[in-house]
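Letters A, B and C mark the chains as written, and numbering starts fresh at 1 in each.
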């Protein structure tokens, strides 16, 4: 197996696409986040205590913007992409995620890791995420320790305020 | 220094090789894990409280499958590969690891980071890991907090059950 | 957008440059660290409880060597580089950092994440970091838990001993 120059260039673009996706979630940059998805994007994230299913770019951005809001801390770090081509304009990718989510409303500090299984498509406007699933490798929830001194949380400034958020329960099942 | 197209393609394959290695450990996928190693692979991992030395693909897979078993949580995230070529069919690589290992049998929650020093070889079946060492950057062990609510642990389903495991003490020294 | 072979090669070199930067900080390798910077490097790291501003390679190495010293544990993991070219010899890069810093002198265990905004320049000696900024995505400080059993800390051996360190207060502001 040898990659062509075009494929190596495409791999670089796809890695940067997924990198933007992670960065935009954690920085509350919803305008740029929207550019990461195909219009018909679909998502199925199988968490430990939840399952998320969303279809369509507008709903996906709405879900992210309302969930990773001004009250929470969100960290999504992507590792070790394994990307291969289905055809010239379609690629599959696996990424290994480490995430942390501190949600004062639920009183939970969640640390976890997931494996993403993505499908990317080439469009006139560059590569986009068309489908994304993940399975949890592990998920551990602790009460938020009173000893944590939160010295900075970017989403406090950039995330959506309470009256700007949609109800996300239509996309989420909770198992606890 | 400029990389050739062949070298850039090889770098991509080697990165994906090491990515599979990490993923297969944490998901209990021992069949695919075996395909990551040259038959004469050797390993020397110098941990904080342990040292692991294994030779040969069959023993390496046996060690991983028996250690990262249905009782534990394992997370191995690889970062910032620095890969260079010794010759057309041999490469060296450094990876920076973050790992977490929750082992109820020992009552330990270990967080750490290591630097891998690998040697890869090109075979008829693609690039393989021939040798791998690591040194610990840090290793911290805590008792498993009773406040941790483990909502998912993939290895519970995919990892080896007690009666399927080998005795790993022949490969491991413990220092505590 | 398609990357040329030269650009893909440059991207690989720049990724390895930043990888060396992270590795050298955490392993106390200050000789190699110096080779990562342009002589006129400047840095502006906007932390949660601090702000660091340094100009010039000698001062930057002096800051790192004196801060990440034999008393502390430092972990700097870089993720999801988004690198683009300004011209043939200049590139911009965003990296998503996860860091941990255990500082017994201050009694603090800091976990955080930042977004780096870098500028790289091609020199006769390869690509170098000319400018680097970061903003915190989050920063959480806890007291060092008495339950932590530190089994290994590489900087204890490789980091600067107290009488070898510079006073870093000229480069740092603390906000707490």
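In the analysis below, contacts are C-beta pairs under 8 Å (C-beta built on N, C-alpha and C of every residue); 3 or more make two chains touch, one makes a residue touch a chain.
Computed from a predicted structure; not experimentally measured.
A.B. asks: What's the rotation, in steps of 5°, that superposes chain A's Cα atoms on chain C?
C.D. replies: It works out to 120 degrees.
A.B. asks: Give a one-word verdict, same or different, on whether chain A and chain B use largely identical residue numbers at their interface, taking over half shared as same.
C.D. replies: different
A.B. asks: Could you grab the centroid distance between chain A and chain B? Build each centroid from C-alpha atoms only and quote it in angstrom.
C.D. replies: Between these chains, centre-to-centre, one finds 26 Å.
A.B. asks: Would you please write down the residue numbers of chain C that are in contact with two or more other chains?
C.D. replies: Residues 5, 8, 77, 79, 98 of chain C touch two or more partner chains.
A.B. asks: Which part of chain A faces chain C closely enough to touch in the complex?
C.D. replies: 5-6, 8-9, 12-13, 15-16, 18-20, 22-23, 26-27, 73, 75, 77-79, 98, 126, 145, 147-154
A.B. asks: What part of chain B is in contact with chain C in the complex they form?
C.D. replies: Residues of chain B touching chain C: 1-3, 5, 8, 11, 47-49, 77, 79-83, 94, 96, 98, 112-113, 115, 135-143, 175-176.
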